[in-house]
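Letters A, B, C and D name the chains as they come in the text, with residue numbers starting at 1 for each one.
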Amino acid sequence: MITSSTSTLEKFLKTRKLTKQLCEPLEIEDFVVQPVEFVSPPKWHLGHTTWFFEEFILKKHQQNYQIFDEQFAYVFNSYYESVGEKVIRTHRGNLSRPTVSRIYEYRNYVTNAIERFFNENEISEALEEVLEIGIHHEMQHQELLLTDIKYILGNNPLLPQYKENFNENKIEKHPHKWLTLAEGVYEIGKPDDGEFSYDNEKGRHKVYLNEFFISNKLVTNAEYLEFMNASGYQDVLLWHAEAWDWINAEKIKAPAYWYLIDGCWHQYTLSGLQPLTPEAPLAHISYYEAFAFAQWKDMRLPTEAEWEIAQEKFDWGQRWEWTESAYAPYPNYKKPEGALGEYNGKFMVNQKVLRGGSVATSPEHTRYTYRNFFHANLRWQFTGIRLAK
Amino acid sequence: MITSSTSTLEKFLKTRKLTKQLCEPLEIEDFVVQPVEFVSPPKWHLGHTTWFFEEFILKKHQQNYQIFDEQFAYVFNSYYESVGEKVIRTHRGNLSRPTVSRIYEYRNYVTNAIERFFNENEISEALEEVLEIGIHHEMQHQELLLTDIKYILGNNPLLPQYKENFNENKIEKHPHKWLTLAEGVYEIGKPDDGEFSYDNEKGRHKVYLNEFFISNKLVTNAEYLEFMNASGYQDVLLWHAEAWDWINAEKIKAPAYWYLIDGCWHQYTLSGLQPLTPEAPLAHISYYEAFAFAQWKDMRLPTEAEWEIAQEKFDWGQRWEWTESAYAPYPNYKKPEGALGEYNGKFMVNQKVLRGGSVATSPEHTRYTYRNFFHANLRWQFTGIRLAK
Amino acid sequence: MITSSTSTLEKFLKTRKLTKQLCEPLEIEDFVVQPVEFVSPPKWHLGHTTWFFEEFILKKHQQNYQIFDEQFAYVFNSYYESVGEKVIRTHRGNLSRPTVSRIYEYRNYVTNAIERFFNENEISEALEEVLEIGIHHEMQHQELLLTDIKYILGNNPLLPQYKENFNENKIEKHPHKWLTLAEGVYEIGKPDDGEFSYDNEKGRHKVYLNEFFISNKLVTNAEYLEFMNASGYQDVLLWHAEAWDWINAEKIKAPAYWYLIDGCWHQYTLSGLQPLTPEAPLAHISYYEAFAFAQWKDMRLPTEAEWEIAQEKFDWGQRWEWTESAYAPYPNYKKPEGALGEYNGKFMVNQKVLRGGSVATSPEHTRYTYRNFFHANLRWQFTGIRLAK
Amino acid sequence: MITSSTSTLEKFLKTRKLTKQLCEPLEIEDFVVQPVEFVSPPKWHLGHTTWFFEEFILKKHQQNYQIFDEQFAYVFNSYYESVGEKVIRTHRGNLSRPTVSRIYEYRNYVTNAIERFFNENEISEALEEVLEIGIHHEMQHQELLLTDIKYILGNNPLLPQYKENFNENKIEKHPHKWLTLAEGVYEIGKPDDGEFSYDNEKGRHKVYLNEFFISNKLVTNAEYLEFMNASGYQDVLLWHAEAWDWINAEKIKAPAYWYLIDGCWHQYTLSGLQPLTPEAPLAHISYYEAFAFAQWKDMRLPTEAEWEIAQEKFDWGQRWEWTESAYAPYPNYKKPEGALGEYNGKFMVNQKVLRGGSVATSPEHTRYTYRNFFHANLRWQFTGIRLAK
């Protein structure tokens, strides 16, 4: 027990450190703003991931724990409705206080308290699991930190760089091939191997798949440009009805972060504005666009079961890959008890599953059974397309 | 060929007649209004179903066909974006003209033209299929006519009756039982038997199901009242996140058409306001409510595959039964060519499948493979709950 | 007393009859719709003007008066918040019931009851004044009836005619002249002559005016076309800040009811679509447009005091003339007691005064002290421009 | 000429310095946020006031002026639509860059350039006047800085203090008295005395006033509490129609910054949260509330002419005093030429005039002819009430 918790503790400390490193290139002002509802200010991420450990471990399990600041629970709670009144999400960007330096004090205070607590006490398996969840929760926010920073800087008219040499694009140089998977009964879901996973991927179970073909490569910028040049955004028959309304209302004509400058497509990256790399994997498209592109190719997106079965045969991890699957509970899905039970189940409607991982995903936060999910219109993650047929 | 088209023609004439009969109890004023975006004015249904036959049969296939009124294509088109500019949906209720009597002229004109055309010409199989689709399209609108009329009258402060003796509720008197279905590979989807079906249910295919249990009865008003009395609408842990926001924003506290009068629950029905019948099957709830109710019972909704496999073992047809399944294409789904291809595929995102049929469904418009679909928040159809576990 | 009330009664009966005549050209469907919030369905006008007499005379003063229908007070109340719960204004167009014929029954019932009551009782001066107010209230709604009908038909894609030979435009043939008024102290407001007027025009009082010049003619369509052709709608410096936002958000590029067909401007009138008459007085412009036009001419709109002092010297009554004056209480303005006190005072903020009258104004409902008022963006009244400098 | 411009230059330098002092108590994070559309981030005020001098003086008049940063014109422009594309106002709070320190560089750069330019060149009267306008423009923003800071901190759940000993309330200790002004012709507007004023107050002119009475004191918190305790916010007859809708939609039940804590009213001030001082002058109410309060007292607000005539007889300068007057051009108002002409005229619709000044008003930025104006619902300025009758 002690051994195991020690190594979890190391992982905890490493994770806490990485979060701080991710924020080092920022100006204080960058920590504060929330240009759109689904983006959170970086300082909120710093506070919220810290609050998780204070709320679910220190407050509940450490005797005489001295809360850092009573009001922080209110400011840094997110969607855990059963824990207390939440600040309305759109308001996060209005809060200049607590300051960044105060939040870093909070982080240190809680990190130290956790370290002390785990070193000085006998830790139950259940509690260690909560720590593990908290670590993964923070890893998830590390990816959001990067994509939110990209949104904040990439929607500023000055288009400032986050950091030199942040490589968003690894070119897939091997030739394109269709991988064939035979019809039959397969198994998907997290095997019961004792390693960490979220509730939503648990419950390994059988699925029946028809024969299918899946690409060994992600769709590239060049391929998507062909679709754009073939007036893909203007052909109503390629789009879902609600997607058509959306691209027209929002005047969507290209992936997010693409800018046409003097007739040449450019892309804002975390290293600043750059001419578009044609052979790089496409990023920052919505499910709607992924679907329309596949329609135009007379193909389709894979289901998440197909993806999971086939994933051994190709490289993945550069882009979150939109699947055709709606986010729904696996058979025999069990919601965890209590506030942590809000974690995943409550989002299982009107969202699409993405598989894989991205250049912004925290190391150790990807696995082939991982079920990511977003609304069909969202584009600020590093999302891409893998075709099937 | 002639034989078959004659009988389709008879079905056509019968369908056209039934639509008119459904409207007989209405006052002219009832034909005009659109109290909410998803409800259409009855006169629009009359015109739109007629326009379908004119647009896809007469204009395309009858030589020298004299269009009844050039402007009607604009007024009565709905979502067939590839056919022409559509009137924005919210505006339907603003149009006092064409008048009801003018629309009936239009109906007669087109009905007669179709009858003449099918009687006097050799009809190709493809064309007969379009007539068949038009008939089923009109049948679908017959159900919408009834539910839209219910909305129009049921949201009028005078709560006028549509018609005496419209029985919405057939009591299921047999005792409750759990039906057990064994684990294994099953087949779902429309068998290729030459009978009519929509594109979305075609493509019979295998699915793997775990063992499951499904109720032989629909949930009753009395059972739902228990949930309400147990503060089901107040317990955040039972609800999807977006459902919780929705019930709070819309102040949803009971099924649609339920009114609490002097401490007693009443229900507006097409025969007027009545005290609630406890043992009648629950109606007019959203998917969100169906899901929360199932959570509260520690059960779940069936998937559409489960429903289709099990349906032989119970009675259905009183309520559209919400399933857990998102509306998505079956494997190998093929979108029909051209404007008719818009029919179903374009809605396959962010909607939920319902199975069964309802007291408002047109006779001959139900079958066990039929995939109905609505957004998770909609309640104006006769929707109900069958539990699974 | 009796004599006077007899003649008021005659006026009452004449007014009630005229309202009905105004509606004769309508189809039943036209009575029902409400295409925009500020337009009311004609059947609502019929009911609301009737409700006024029932509420403020019969219910209050006739013993044992049998209310026609208890629910009508709820349906036909408008903004008299102190009388009872009002139906939200946007919902008027959703109500198919009560039917038009039922509302005509209501009208007859109340008209007859009033006639009987005034014939058979000794009527106090105060009560006769309420009758007088009710008559003027209905006259005001006669104008709204016509302009609402114009909106309903003029925004229907079929552009149906209301009535042949409804002449909206009387050409002012005399040459243009500037009328000069000398600096000094003047008096405005309703003289205390015993004739009917609204509360808002009462309180004759002194004002000090600088010398000013006012046009003897209304601005014509041709003059306004010059402004349009000189890119008046594109020059930000001519517009109020909020006006500029408004014309851009609403894509306003011409007066209401103007349609450019094959390069020629047409105008929808109550007699149908017609080529624009250049020398006719301009109609259906907002205050914002009136102001911008005056700026472009390097002139201005008159204040309401200037208008009232100068009005003897020119013809008026074709168009409601926008003034520069905000709608505000006259010095020593007294709000009437009770529910009728809501009548005018509660609108005295953020509206502009219009003077004169229009081709739609009920005969006997104009006088030179009459203060009409509308929000600066509204255009569905017959509004026009008279320049000053 | 040189002399005069020297003293204007001194005023310029003093003003620039004061702006910086006002910001000294802020944390960097406080400079960034925009919690509501009408509040601007402090750093925007710093940049915008600087941009004014660069745009209208240095760029136009200094040869070879090296613009500090080409993109700042875009970021710091406000409503001067004729100068260039403006950033949409709601977006100001999304911009983390330029940073605060970069903006201070910009300030220094422009301050020094102006100083050098005015010292080294012969300055025309016209140009000196532009400098003067720029100084007054910055003074105006000094008041907005304070009120925006109050909004930012006063709507943060931590309610942080801006600064110790910022005294918002000077108690008026003398007894209440009604001041009487005789009927007659008076003159208002800025006398032509060569001193600075805005375009909107110029054009001294005669007005005719009836006899009136005006209070020698501002309404106090205690008096306003009486109105609240007498259910003033619940009595529809006291309110304008649009005010009633507004207080209900926004759930307005007290002045801004009032908090009821354990049954005691508190007030957030720039020195933090404090128990309400009953005898202090009321602050932070809308025109709607000022009007309703006056109605309840059976009195009224003064017009701006009345205020200006009477102001010699009482103390003012603690609160901007709502008047009954709509903001409109004075007779013979002349809009300045060019972009500066946008300054005032374009707001002369749908706003109310306030007179006096407040505890946040920059010294030297008040005069008895000054016409301030705001929309009727705005409360974040130090607004108050002086009664008339």
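Methods note: contacts are C-beta pairs under 8 Å (C-beta built on N, C-alpha and C of every residue); 3 or more make two chains touch, one makes a residue touch a chain.
Which protein is which chain? UniProt says A, B, C, D = Ergothioneine biosynthesis protein EgtB.
Small disclaimer: the values here were computed from a predicted structure and weren't measured.
Contact with subunit A and subunit D alike is made by no chain in this entry. Counting steps between touching chains, the shortest path from subunit A to subunit C takes 2. Across the assembly, the mean Cα position most removed from that of subunit D is the one of B. Averaging C-alpha coordinates per chain places the centre of subunit A 37 Å away from that of subunit B. Each chain gets one centre point, the mean of its Cα atoms, and the points for subunit B and subunit D are 58 Å apart. Averaged C-alpha coordinates give centres for subunit B and subunit C that are 45 Å from one another. The set of subunit D residues touching two or more other chains is empty.
Listed by chain label, the pairs that touch are A-B, A-D, B-C, C-D.
Within the complex formed with subunit C, the residues of subunit B that make contact are 27-36, 43, 71, 74-75, 87, 91, 93-100, 152-153, 155-158, 160. Interface residues of subunit A facing subunit B in the complex, by the touch rule stated above, are 79, 81-82, 185, 205-208, 210, 236-237, 239-244, 287-288, 291, 300, 324-326, 328-329, 331-332, 341-342, 346-350, 352, 376.
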